[in-house]
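The two complexes that follow have subunit A in common; it is paired with subunit B in the first and with subunit C in the second.
Presenting the complex of A and B:
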C-alpha cells in the first residue's frame, strides 16, 4: 500500500494528467457534483454520489455509431467513431465500480460491443471508500463493501492523506508512475477507517433490505403480484430513475438525416417511456404499470436469471433521492417482501 | 411548520370515504424517510390512517393526476389542494381536462414547503429523522450526536420563498383559512437575467441547460402539459428525440416547452422541484408570465375558470407585434 499527503493532491492529479485525461468529482454549479475533466484550477469535491453515474465514461448518453453516404444508387458506409483516449477516473464509489461489472456482462458478451469495449480498455478506475454513507445507501444489500471498493486502484481518504492499493495490472502501472509522489506505508490507518465504515453500515436505515424474495426463477411469483398497480399508481413515466441509474443500459438506435446521408447514433432509452421498444406492430407494454414493472423485474429477476444470480442494482440510492414522486426500488422490494 | 394538522385532513378524508361520498382520496403517502413523500390514491380508511402524510415535504401538486384518475376511478375523488395547486386545478378546468363533477376538492392552507436539498446542505447527509417543531425542523443524522435545528425559513423551497398566493381559488370545502394573493418578489431573478447582455444571457442558459439529461420529468409533472400524445414522444412527429442531435437542440426543447405553456403556466414551480439536475426551469416560465403582464396587462393563469388567456384572445387595442419589437431597445 502507498500513500500521499493531501497537500500534494494537485501534484498527483497533474502527474496522472500528463499521460491520460483525468476526471474527478467537481461541483456542477447547481448544488451537485459531476465528473469533470481535471485541469489546473478544477477543485476536487468531496461528495458521496455524483448526480449522474460514471457509466457515461463507457456508455455515453449519446454516441455516433456510423455514417452512410448516398450517391446515386450507391451507399457508402463509414466508421466515424472517435478513437478512445487513455483516461483515468478518480473517486468512483464502490457501488459505481460494481456497476461496471454489471454493464460488462451486457456489452462484453458475444457479440462484443466494440464501442464500449474500447472505452473499457482505455479507462483506469481509482475508487474511493465511503466514509459518510447516506440514509439512501443500500449497497450492502448487494454484498458491496464501501470500505473496500474495487477498481484498478482502491483509495481511502483520511483527514490528511490518501492511501492507494493497486488491484490490477493497469492499476499497478499507474501507481508506478506516482512513485515519486507517494510513499510505501502500512495498512493501519486504512483498517481503522474500514472498521468505522462498517459500524456506520450497521446503522443505516436500509440495512435490513434483502434480495431473498428476488432472483432468477421468480418471474411467476412476482410478475402477477397485485402490488404493481399500487406501486406504479403515481409514476409520472419520466426517465429520471433510468438516467441517473448506474446500471440501466437500454438504448435506442436512431438515424439522423444529414441532408446527403445518414448518421446512425445511439442514445440512452428508458423503459419508463411510452415509446420504448416501439416496433412495427406497436408497443409491447401499453400501460405505465407494465413499463414500471419491467424496470424492476429486469433488475431483480431477469438480469440475475441470465447472470448467475447477480442483481442489476448496486444500491447507490440515486433513484431514491431523485425520483419526482419518491417511488423507487427500495419501496418496490419492501412491498414485494424484501425485508428481514 | 404546517398550522393545520394531519389529523384534520385524515378525519375529513375518512368521514367522506366512509359516508360513500367519495370513492378514493388523492393525498400524500408515507415514505422510507421523513421527507420522501409519494402521491398516493387511498381507497380505505385504514390506509389513510396508516400511510397518509401531511408535513413540510408535501410539495407535490395533485391537480394533473385528476386528468387520469377521474377517468380511471368510478365515483368521486377527494383531492387535497394547497393554494398554489388550486390555480393548476382551475387552469385544467379551463382547458376541459377533467370532469369537475367527479372531484371533491378540499383546500388546505400551506405555510410553505421545505426543500430537502436545502435541509441536507445545512444539516448534512445521513438523515435518520426529522421532527417538525415550533422552532424549526429538528434533524438527526447518522454523524452528529446532537440534532440540528433548521428554521423553516432556511429550509423553504424557492417557489415558496416567492409564494404568489395563499388564496385558494377553487375548492368545495376549505379546511382552516384561506389567505390572500401576495406581493411576491418572484420576478426579481427574471429581471437579473433580463439585465444581462445577450451573450451573458446565452452563456447563463447554456450553462444551466447543458446539465439537462432529457428525462422529461419537467414535462411529465407539469399540469400545463397534458397533451394525450406529446410531440416529443411521437416517432411520427419528426421532432421525437430521446437525445439531442446538437447542444443547440437541447436548449430548444426547454424553450419550446416554455412557449407551449405560455399563458397557461400558473407558476406552480413543479418543473424546478422535480428536475434532477436543479435547472431553474421556472425562470423561463416566469419570463413569459412577466412579458404577458407587461404587454397585455396583469394576467394570472388559473385565477378563475374560463378566463381568456391574452395569447388566445383578441382585442382591438392589443399590442401590435411591432410594438413588442420596439420595446426591445427601451427595456
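Presenting the complex of A and C:
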C-alpha cells in the first residue's frame, strides 16, 4: 500500500494527467458534482456521489457509430471507430465501480461491443472508499462494501492523506508512475477508516433491505403481482431514473442527416418511454404499468436470471433522490417483498 | 482505426429484384455489390436491413440457406423503413447485417419427422425459408403439410411458388384458405385455426406456426384441442429491435431476448415467460 499527503494532491493529478486524460469529481455549478476533466485550477470536490453515474465514460450518452454517404442509389459506408484515448477516472465509489461489472456482462459478451470495449481497455479506475455513506445508500443490499471499493486502484481518504492499493496490472502501472510522489505505508490508517465506514453502514435506514424475494426463477409470481398497478400509478415516464442509473444500459440507434451524409449514432434510451417498444403494427408494452414493471423486473429478476444471480442494481441511491414523484426501487422491493 | 469486427456495422447490399407478391407485400432479392450472398444463415434467422437516413429494421430471411446465390426478404408495407423499401427500384443499395437469432432446429429436432407448417398472411415469410430447406433435403424429413391462409386470394404471399412448386412435390400437401368468399376462388374459405381443426391432423407431427399474434394464439389452441403437446409446436416471434444481439434491451419477453434467444421458440417455452408479446 502507498500513500501521499493531501497537500500534494494537485501534483499527483498533474502527474497522472501527463499520460492520460484525468477526470475528477468537481462542482457542476448547480449544487452537485460531476466528473470533470482535470486541468490546473479544477478543484477536487469532496462528494459522496456525482449526480450522473460515471457509466458514460464507457457508454456515452450519445456516440457516433458509423457514417454513410448516399449518392443516388449508391451507399458508401465509413467505419469511423477509433481507439479510445487513455484516461483515468479518480474517485469512483464502490457502487459505481460495481456497475461497470454489470455493464461488462452486457457489452463484453459475444458479440463484443467494440465501442464499449475500447474505452474499457483504455480507462483506469481509481475508486474511493466512502467516508460518509448517505441515508439513500443501500449498496450493502447487493453485497457491495463501500469501505473496500474495487477498481484498478482502490483509494481511501483520511483527514490528511490518500492511500492507494493497486488491484490490476493497469493499476500497478499507474501506481509505479506515482512512485516519487507516494510512499510505502502500512494498512493501519485504512483499517481504522474501514471500521468507521462500517459503523455508519450499520446505522443506515436501508440496511435491512434484502433481495430475498427476488432473483432468477421468480418471473411469473412477481410479474403477475397485483402491486404493480399501485406502484406505477404516479409514474410520469420521465426516464430520469434510467438516466441517472449506473446500470441502465438500454440504447437506441438513430440516423442523423448532416446535409453532407448520414451519421448513425446511438444514444441512451429508456424502457420507461412509451415508444421504446412501439412497432409499426403495435406495442408490446402499452401502459406505463407495463413499462414500469419491465424496469424493475429487469433489474431484480431478468438480469439475475441471465447473470448467475447478480442483480442489476448497486444501491447508489440516485433514483431515490432524483425521482420527481419519489417512487424508486427501494419502495418496489419493499412492496413486492411483503413489507408495508 | 479499430480493426475488430463490430456487429452493429453493416455491409452494403444491392436490391437486384423486386417481386410484387400482394397489394402490400413485395419480395426483395439482395446481394452484395460484388454479386455474392452477404452471409450464410439457417432457416428462421433474421437480418437487419437499413436505409441510411431512414432507419434500420429486422426482417426474417425468407429465402432458404440452400440458395447460395442471394437472399430474399418478403416485406409488408407498414412503417417508415418498409414504406421506403416499397418504393425502391432494382439497383438500389441498402445495408444489411446478420444473421441474428436462434434458427428452427431443422437438423436437431425436425429431422425424420412429419412436419406441419401453419401460416397466416405475411407469416409465411419466415416459414418459406424452412419449408424450402426441408424440400431441398427432402429425404431427411417425413410428410410435409402446409396450411396457409390470408385475407383474400390476392393476399397470399408466394402464391406462384406455392402453386408451381410446392403443390407438385411428392409427399407435400398444401391446404390454402382465405378469410371470405371471393370470385375466382374455389378453395377453402375460413380462418386458419378452424381450418386446422377441420383438417384434423395426426398428432405425431411437429408443427411450426407463424402469423399475426391472434392467429398464433387461436391456432395453438386448436392444436391443443386436436391433441398436440406444446412441446411439438414451434413458432417465431417479432418485437421491436435495435441491436439484434441482446444489448439494446428492448425485445425481451421476461429474461429472453427475441433477437438472440428467439425468434424461434417452442410453445412450451413461451408458457414459462410473462404474457407480454
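Please note the rule applied: the second predicted complex is superposed on the first by the 333 of 340 C-alpha atoms of A that agree within 3 Å, B and C clash if a C-alpha of one lies under 4 Å from a C-alpha of the other, contacts with A are read in each partner's own complex, and residues count from 1 in each chain.
As a working rule, a contact is a pair of C-beta atoms (placed from the backbone, for glycine too) under 8 Å apart; a residue touches a chain by one contact, two chains touch by 3 or more.
The structure presented is a predicted model; accordingly, all values stated were derived computationally and were not measured.
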{"item": "Combined model on subunit A: subunit C and subunit B, fit or clash", "value": "fit"}
{"item": "Contacts of A:325 with subunit B and subunit C, given as first, second, both or neither", "value": "first"}
{"item": "Subunit B versus subunit C as contact partner of A:19, first or second or both or neither", "value": "neither"}
{"item": "Touching partner for A:267 - first (subunit B), second (subunit C), both, neither", "value": "first"}
{"item": "Touched partner set for A:252, first subunit B, second subunit C, both or neither", "value": "both"}
{"item": "Touching partner for A:237 - first (subunit B), second (subunit C), both, neither", "value": "first"}
{"item": "Contacts of A:280 with subunit B and subunit C, given as first, second, both or neither", "value": "second"}
{"item": "Subunit B versus subunit C as contact partner of A:298, first or second or both or neither", "value": "second"}
{"item": "Partner chain in contact with A:66 - subunit B first, subunit C second, else both or neither", "value": "second"}
{"item": "Which of subunit B and subunit C A:192 touches, first, second, both or neither", "value": "neither"}
{"item": "Least Cα gap, in Å, left between subunit B and subunit C after the two complexes are fitted on chain A", "value": "9"}
{"item": "Intersection of the subunit A residues that touch subunit B with those that touch subunit C", "value": "252, 254, 269, 278"}
{"item": "Residues of subunit A that touch subunit C when the two form their complex", "value": "65-66, 68, 70, 73-77, 79, 81-83, 106-107, 111-115, 117-118, 216, 219-220, 223-224, 249-255, 257, 262, 264, 266, 269, 271, 276-281, 284-285, 290, 294, 297-298, 301-303, 305-306"}
{"item": "In the complex with subunit A, residue positions of subunit B that touch it", "value": "31-33, 36-41, 60, 65, 117, 121, 125-128, 142-143, 207-208, 211, 213-217, 219-221, 233-235, 240-245, 273-274, 276-279"}
{"item": "Touching residues on subunit A, where the partner in the complex is subunit B", "value": "28-32, 34, 48, 51-52, 61-62, 132-136, 200, 203-206, 233-234, 236-240, 242-244, 252, 254, 256, 265, 267-270, 273-275, 278, 320, 322, 324-327, 330-331"}
{"item": "Footprint of subunit A on subunit C - complex, ascending", "value": "1-2, 4-12, 50, 52-56, 78-80, 82, 89, 91-95, 238-240, 242-243, 245-255, 272-274, 276-277"}
